[in-house]
Amino acid sequence: MVIMTTTSSLAFLPVLERIAEEMERTPGRGRPADYIPALAARDPRSFGMAVAELDGTVYGVGEWRQPFSAQSITKVFTLALDLAREGDELWEHVGREPSGNPFNSLVQLEYENGIPRNPFINAGALVVTDRLQTRTGDAAGELLAFLRAESGNPALDFDKEIAASETANGDRNAALAHFMASYRNIDNDVPVLLDQYFRQCSVAASCGDLALATTFLARHGIRSDGTRLLTRSQAKQVNAVMLTCGTYDAAGDFAYRVGLPGKSGVGGGIIAVVPGRCTLCVWSPGLDERGNSVAGVAALDRFTTLTGLSVF
Amino acid sequence: MVIMTTTSSLAFLPVLERIAEEMERTPGRGRPADYIPALAARDPRSFGMAVAELDGTVYGVGEWRQPFSAQSITKVFTLALDLAREGDELWEHVGREPSGNPFNSLVQLEYENGIPRNPFINAGALVVTDRLQTRTGDAAGELLAFLRAESGNPALDFDKEIAASETANGDRNAALAHFMASYRNIDNDVPVLLDQYFRQCSVAASCGDLALATTFLARHGIRSDGTRLLTRSQAKQVNAVMLTCGTYDAAGDFAYRVGLPGKSGVGGGIIAVVPGRCTLCVWSPGLDERGNSVAGVAALDRFTTLTGLSVF
Amino acid sequence: MVIMTTTSSLAFLPVLERIAEEMERTPGRGRPADYIPALAARDPRSFGMAVAELDGTVYGVGEWRQPFSAQSITKVFTLALDLAREGDELWEHVGREPSGNPFNSLVQLEYENGIPRNPFINAGALVVTDRLQTRTGDAAGELLAFLRAESGNPALDFDKEIAASETANGDRNAALAHFMASYRNIDNDVPVLLDQYFRQCSVAASCGDLALATTFLARHGIRSDGTRLLTRSQAKQVNAVMLTCGTYDAAGDFAYRVGLPGKSGVGGGIIAVVPGRCTLCVWSPGLDERGNSVAGVAALDRFTTLTGLSVF
Amino acid sequence: MVIMTTTSSLAFLPVLERIAEEMERTPGRGRPADYIPALAARDPRSFGMAVAELDGTVYGVGEWRQPFSAQSITKVFTLALDLAREGDELWEHVGREPSGNPFNSLVQLEYENGIPRNPFINAGALVVTDRLQTRTGDAAGELLAFLRAESGNPALDFDKEIAASETANGDRNAALAHFMASYRNIDNDVPVLLDQYFRQCSVAASCGDLALATTFLARHGIRSDGTRLLTRSQAKQVNAVMLTCGTYDAAGDFAYRVGLPGKSGVGGGIIAVVPGRCTLCVWSPGLDERGNSVAGVAALDRFTTLTGLSVF
């Protein structure tokens, strides 16, 4: 069941195997996201989990090399890529406080004059993508290049079918983008921005790919090739935003149960960071009512309980 | 300037001294809370900071032995005392998600049928006190006994003048309590509850006292006498709620800058936890517009920057 | 079935009789208010309707002489009594816009700094009672004296059992009062105010009594003894507030169906004004989901359809 | 100053002249809408007022034959045109309750699942236009034909410059339309709908034109050629919606001061209906903070005071 890609330390392998066995025996798994057909078709019993260590070792259990739709997990990487380019100026256009409301809510956006509460609600991610697009001319391409480089997987790509489905169901995000544009907090044309945004969300990647791509956050900002993407302080900041805002309206609950910076996506994936130690990525398509993978949260909960590696 | 109370390790003393000097040179300090006269009269230039190590060593700089009004900092202790008694049942009556709104807001309370979002907004703290009152018959007395025992300071006490002022300005909290009572989420008579609540808030304690009283959270639930107050898991949970909800509507910002579980009060104090390592308490009465001590947040920010002790 | 009290014109008697027959044949009636036992016990099949003409003639059908709990209908009279005393200054403390939210909502009150949207939501009625209490020292007594004089019924009185039940279930109104007091928009002590308020709501009166007591609004401000309570302009204003805000969150629907200034109460009564012509009061205890009498609204709808007496 | 177009009864001419003189002497006029240049350029001292009697007589004072931008006044006509075609089914897609919030608010739309509160807030007018577009294939053309026929003015037309400006500033309305589309409450493609909507708003017409075009509401549904557009009941319903929702967040105030069904536009025009008697249209570009013409409301207030023609 386990495939190891390098020969270095596999410290957490026994823990992953135990978790995989427990998950096997657990019945309920929630329901896959059903707003687009390609997500709804996934089997809720699928499960994979990977650990990436600081030296680039990656290993896992279950379907840890099976690509799935990364969705909102990509928000972490676009945040890091834009923060690396513009620094603190970004925070004049998006906040870093928990939203206290379901992830699509327009209410707080209206009260706060078009400034989204944080980069991980859809409105905030649209702002980050808009700014990265202004700076690079191809935000989605920038993201893809980064993910390929960090994961070492040149085949990693967008899923055109999913991107098209997102576009066809894009009225809520179009509303958010036009609404913020009415407050002059969006620079690009809304259709251009939405195209960039939906392509990003459509990235297909495996637990192994995403665990590796996240290691710069466990290495305090250093990429896999040894260059620095973020300052130590910025890396800490991204981790802080993940912990307080990374799992929609369940950030408090996630902090309470798992106690690690994490970010979930409606494709059923969750990445998590143990600063200075390793990263994790877990995937299982069945979601709870707040949009987080049921088995994914449970597996991370078990991981921190069994290893004592919570930040608290 | 520094007074040490024991002879054991004083590892962070040079850091505290450096921070105190920096604060001395920093001009702006915000404004003390002005809703009651006794708080408004405090000098915004006052500053004290203490560290308590796991073995009970405590030391500090500035006015670290000067009592001040603990206010909302006490919410951490009543939460722990009630959680120790009733366990997870508490979470059916109060949530653990960030509120996403200023700390007195009634809006979310109405949307969520009288269940406050977390134990650190006023509504949530009223629920916790109500439940502790039901279980003990004297919630404020229970809190006082705990603080005296943990700080080793039998002179620690309520400030009757402050409690009376709070009562005279208590309409907002009375509204919250009656509102939740209309949803059957308050058991005790509202005037009895408010009396208990305002007495708790009025506790006068020093940075040294409060740092010591918080050490059970750095010791994963173990009190100063070696007995267990909270399970390891519960202690982790209280830390998680502090990190995500401990500083009113600025929890994200605090996590981003300081990166430690913390809890502030409008008296100008802030406690913070370095799990497994030590606790801190800082005090300076000038507040920012979100109700947190300006110099207090700055000092903790410097502490984690200088020591690298952030959880991220 | 019909009892006439004077020998003058009974122009609308045939219409009332026809409506009563139609109501007899109509099955559904909604459910009586159930938050206090004395209201819940009423028979939803009860029905009465009265017309009062400008000269003081009053007549009706069904149980039009049976006293019922006037509840929020009394808000019209306290508004008129306070407006007569203080004039436009009142409008600095309460608005006259529809609330756009269910009648107990605290949300808008918070956004608008403790100024209720209109005098007919509970918060607004509390403000009006508070101001009348400040001016008279006995707001409820003032109301009772007015109702007795206008209806010519000296036996009209408070219902002590209902007032006591309201007090026992008064947490929501206590929350509203304390909340507005925190904005300095309540002058009297909250318990004193609530006592006055709940006594007013408890007034027991019949359709005949209330139709007569309302005639000053059809006479452009002139009381039954020929003295003037309100200026012509003020009387028009009270009618306007009734039309736009008189039936909780269903004011638009009531205007659309009935087309008359009206005010309902959870006791199942509704008063309505045909300016310059007559007043109506209908009673049937079964309520719809927005708190208005099902048969009452239906009967008024039929009245304006059959007579063409809508203001539109 | 007065021009009469027919020789029949000119009953209200002396009143109009008196009002025009009073307005001449009144200094403050508010500020023209400034979100598009063509509106901002209008002189706030401009003033015109017209009365149309049931027989088609129309007369006025001031610039009553000067075309101005009708803007939201057109919402009354599209409502009537759609209601005439689909009847009560419309009310399953848009409510008829006051919004209780400023006219662009997305908040209530979110709470109420994409069903706007009434046809006169922008969201509601977009739904009405969408439905009329589905039924006619050319909602704006349908409106234009109706206005030309009722006013007898074949030169009445869209203002292409204004329509283009609206489109260029259309993000807020685009957000509303996409948002409702996400709830499946919009049938047409959003860009098509917005084009139709902005053309409607751009209609340029004079006080005389609009007073005439409104007479079907004073004639209980009968058009100028004697055919019936609306049933008597539907005409009453449109009047009721105008009274409770016709002046943005100031409907209560307008009912209180003027006491007539009315509808305002940000071009500075207001139409009003005296059911069974006549219609009025007044125009002056300076607006108050809630988007209603300052001199327009004042002139209508004077009209009902001087004539006693309020519905109350």
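Some notes on this structure:
Letters A, B, C and D name the chains as they come in the text, with residue numbers starting at 1 for each one.
Here is the rule we go by: a residue touches a chain if its C-beta (ideal position, glycine included) is under 8 Å from a C-beta of that chain, and two chains touch if they have at least 3 such contacts.
Protein identities per chain, from UniProt: A, B, C, D = Glutaminase.
Owing to the predicted nature of the structure, the values given are computational and were not obtained by experimental measurement.
Common partners of subunit B and subunit C, by the touch rule above, are absent. Centroid distances from subunit A, each centroid being the mean of CA atoms, peak for C. Although subunit C and subunit D share one sequence, what matters here is the overlap of their interface residues, and that overlap exceeds half of the numbers used. For the pair subunit B and subunit D, the distance between C-alpha centroids works out to 56 Å.
Once the centre of each chain is set as its mean CA position, subunit A and subunit B turn out to be 32 Å apart. The touch graph of these protein chains is a ring, one cycle where each chain has exactly two neighbours. Every residue of subunit A that touches subunit D in the complex is listed here, in rising order: 105-107, 110, 171-172, 174-179, 181-182, 190.
The touching residues of subunit C, when paired with subunit D in their complex, are 95-101, 108, 117-118, 233, 235-237, 239-241, 243-245, 249-253, 255-256, 259, 261, 275, 305, 310-312.
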